[in-house]
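What follows is chain A paired twice: with chain B in the first complex and chain C in the second.
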Partner chain A sequence: MKLSDKVTVPAHVMSRQVGEEYVMLDLAQGVYFGLDPVGARLWQLLCEGMSLERACAAMLGEYDVPRAQLESDVLRLAEELAAQGLIEIGNPGGP
Partner chain B sequence: MALEEFDPEHQAVLACALAPADLEPAALSPTFAQARSWKKVEAVARLNQLRPQVAACLVSAAGTCEEGLRLLESLEATARVHRGHAMMMAGEVLRALELLRAAGIRAVAFKGPAFAALVDGRPGQRESGDLDILVSPEDAFASVDCLLRAGYQGALPLAALRSRWLTLATNELGLELPGSPVMVELHWRLAPRWSSVAIGVEDVFDSLVPRDYLGTTISWPGPEALFLIHVVDGMKAGGCGMRWVGDLAAILRRERLDWQQVSATARRNGGLASVEIALALVEDLASEACAALRLPALAAPLPPEARSMAASARRRPRASRALHAIRKRLATDERLAGAREHFAWALRAADDPLKAAAAIAGYLAGPAVADLKSIPAEGISDFGLRLRAARRRLEAR
Partner chain C sequence: MTGYTRREPRLQGPADAPAYHEWLGDNSVVTSFHRTPGGYLVRFPQLADFEISQDAGAVACHPAPSVDQATCDHLFLNQVLPLVLSKRGKLVFHGSVVEIAGSAAAFLGPSGMGKSTLAAAFVNAGHRFLGDDGFVLEKAGDGSRVLPSHPSIRLWNDSESAILAGRWAKAPPVSCSGKNRLLEGTKGRFCDEALPLGAAYFLGKTTRSAIRFEPLDPSEALLQWVRNSFLLDPREPAVIATHFESLAGIANTLPCFRLDYPRRFAELHRVLDSVTGHFERQAA
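This part shows the complex of A and B:
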């Protein structure tokens, strides 16, 4: 996975904000997942249609964290989300 | 003898229902040790929608017994799913309340995940099938429209959802988000119109107080209203299910209620008898559980005004019979079966049985939900719908 990847949330994933956190439900498997406030912020930005790169840029302005660490954390979380089928990777500029 | 109708498995589940959130699970080990069948404990917990609470209490009690550990594993798996579901429902209730507020509709949550977080002190530790939201009867149609626009779907045809009979035929409407397990139950009355209630919708709205729920300020029923709502909720179903008894005990432990206000509101609405019966039930079950299981933490002590209300229920033959009937249902997991049993219960629990009988007659003279389901898309005249309802009822006999 690369930072330039654009990700989408598949139709079988439902998510709701709960306070500062997010809870997601994979409707196909009936499995629930939770995200802490920082993960929730990334999820929110991805749901707005941002690429991982743009999400990182937005979060750099919000959190006191070195760019390299943020990018690595975002990539790791995105890979975990993808592995669970909660996001799908699309090509930048693709359909 | 204390809890004499309850077998050891029902006693164990009742103890979990009554257990305060801060009770050490180990305290319940002797209670579970008396249970003869772990399978039955699981079945009773399921029937009473208390699996997460029983799982939490069973942690120390399962010990090394293979069957007990298997039950614990199964209940914990269920509790995990319910925790996720409860969080999803919590997010959805906030969204639905915001949708309604933005449409200028007063709406309030009063059960489910919000109750678990704000009163019971165990957020996420509750089985919640749907989200209960209360609106005024005059806002019923606007609320349904608002949620339909947000993607919800009703089980009734659109023409029925807009029919003036909707609010007469039923006190609530289930709306689901297609493809998801999320369901909102929109209430415009706290019980069917033939069932006497201890509190009206306007009383609830007059009582609202702001509470912080997951970082959002929501309107929440004041303590007296919350207590009366849960009395209505338990009593409308004949007192079945142990969870409402635990919920009442949690409210009584947590809140200081103005009992004059409780009594005046219930009397004005024609539901004082049901409040007295509920108080007697909670006081008896909690004190008997304390004695039988040697667990003082299960107590739900009533102040003198409330004790005198409970005593009044024990003195009056009709209320006393109702009290015994509820205890029997709790001990056997019996449910009210069919309309006749519901009507008979409504008559038994009402302050004024004649008024209840008139309400039942009024309900039977009009269309029911089953008739609304058959309303054609182009609509139907009042006369046509009444005729259909009368024919259906005659055929049902």
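This part shows the complex of A and C:
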């Protein structure tokens, strides 16, 4: 996975903000997932249609964290989300 | 429709479809759920088959041979009816509810955590109860309200002796539960009107003597509401989407707590005082 990858949330995934966190429901499997406030912020940006790259840029302005660490954390979380089927990855301009 | 049609007794042969869901107890299946061409089959092994229509508008019971009416009624009231109501879009939860200062306090948790004992103790202390084992929640303005369920409380012998002390009449015994169903013994103890829900307490650990109230983050509260929900078909996307939406709304607005307390009859009065004070402070 790369930061330039385009990310989409599949139709079978629902999410709602509860307090400062997000809880996601995979409607296909009936399984629930939770994200802490930082993960929730990334999720919110991805749901707005941002790429991982743009989401990183936005979060750099919000959190006191070195760029390399943030990008590494974002990629790791995105890979976990993809492994659970909560996001799908595609290349910009791709099919 | 809140009843069921009793059909002829029959032996339980193999179900037409494998179970899509099962409830387990003591290492054996106590309830299995199957889809059928007409809706659902909810099977209680050795006891009864309940057929539920696709829209949950009709329920029929085939008891196993020699299973009596009281057992079928018990299974329907405690297990099948909450599932039927969930299929009709109601929010149904596993918990007991009592009235404190004009609002409803809900106690939720798996079987054996003390929901009924707490409810009976509150009743004994002069409070009204809205339900003992399951309750329906519906949206009311910015909050939610609890609908009254059934004017009875199910207790094990020790809780009955310690709290109600033979003052309430027993319903006929059933072959599927060792608990006694106690019928409202004093008029006015059952609250037959809907009340606004003021707070929910998810019953936690047994402690030596401390009584602890831990506020739940909304995300944790949401998952607790999910765990304590009745859902006939938890794999039906449209139903669980609506359910999720509703529960997220509740978790975001309602004060929810984990309640740890000593499970000793001698401590119940102290638990009641603490819960009452805590609940009233939420409303203040």
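In the analysis below, the second predicted complex is superposed on the first by the 94 of 95 C-alpha atoms of A that agree within 3 Å, B and C clash if a C-alpha of one lies under 4 Å from a C-alpha of the other, contacts with A are read in each partner's own complex, and residues count from 1 in each chain.
Here, contacts are C-beta pairs under 8 Å (C-beta built on N, C-alpha and C of every residue); 3 or more make two chains touch, one makes a residue touch a chain.
What you see is a predicted model; the values in this text were computed from it and never measured.
Novice: With the two complexes overlaid on their shared chain, look at chain A and say whether chain B and chain C clash or fit.
Specialist: Overlaying the two structures gives a clash between chain B and chain C.
Novice: After superposition on the shared chain, which partner residues are touched by A:Val18: those of chain B (first), chain C (second), both, or neither?
Specialist: both
Novice: May I ask you to decide whether A:Val65 touches chain B, chain C, both, or neither, giving the answer as first, second, both or neither?
Specialist: neither
Novice: Identify which of the listed stretches of chain B (150-158, 204-212 or 330-338) has C-alpha atoms clashing with chain C after the superposition.
Specialist: 330-338
Novice: After overlaying the two complexes on chain A, where does the chain B footprint on chain A coincide with the chain C footprint?
Specialist: 14, 16-19, 21-23, 25, 27, 30, 32, 34
Novice: Mind listing the chain A positions that touch chain C in their complex?
Specialist: So the residues of chain A touching chain C come out as 12, 14, 16-19, 21-23, 25, 27-28, 30, 32, 34.
Novice: Mind pulling up the chain C residues that touch chain A in the complex?
Specialist: Going by the criterion above, the answer is residues 217-219, 221-223, 226, 234-235, 237, 240-241, 244-245, 248, 251-252.
Novice: Considering only the defined contacts, which chain A positions touch chain B in the complex?
Specialist: 14, 16-23, 25, 27, 30-34
Novice: Which positions of chain B touch chain A when the two form their complex?
Specialist: Checking each residue of chain B against chain A gives 81, 83-85, 87-88, 90-92, 94-95, 177, 179-182, 214-216.
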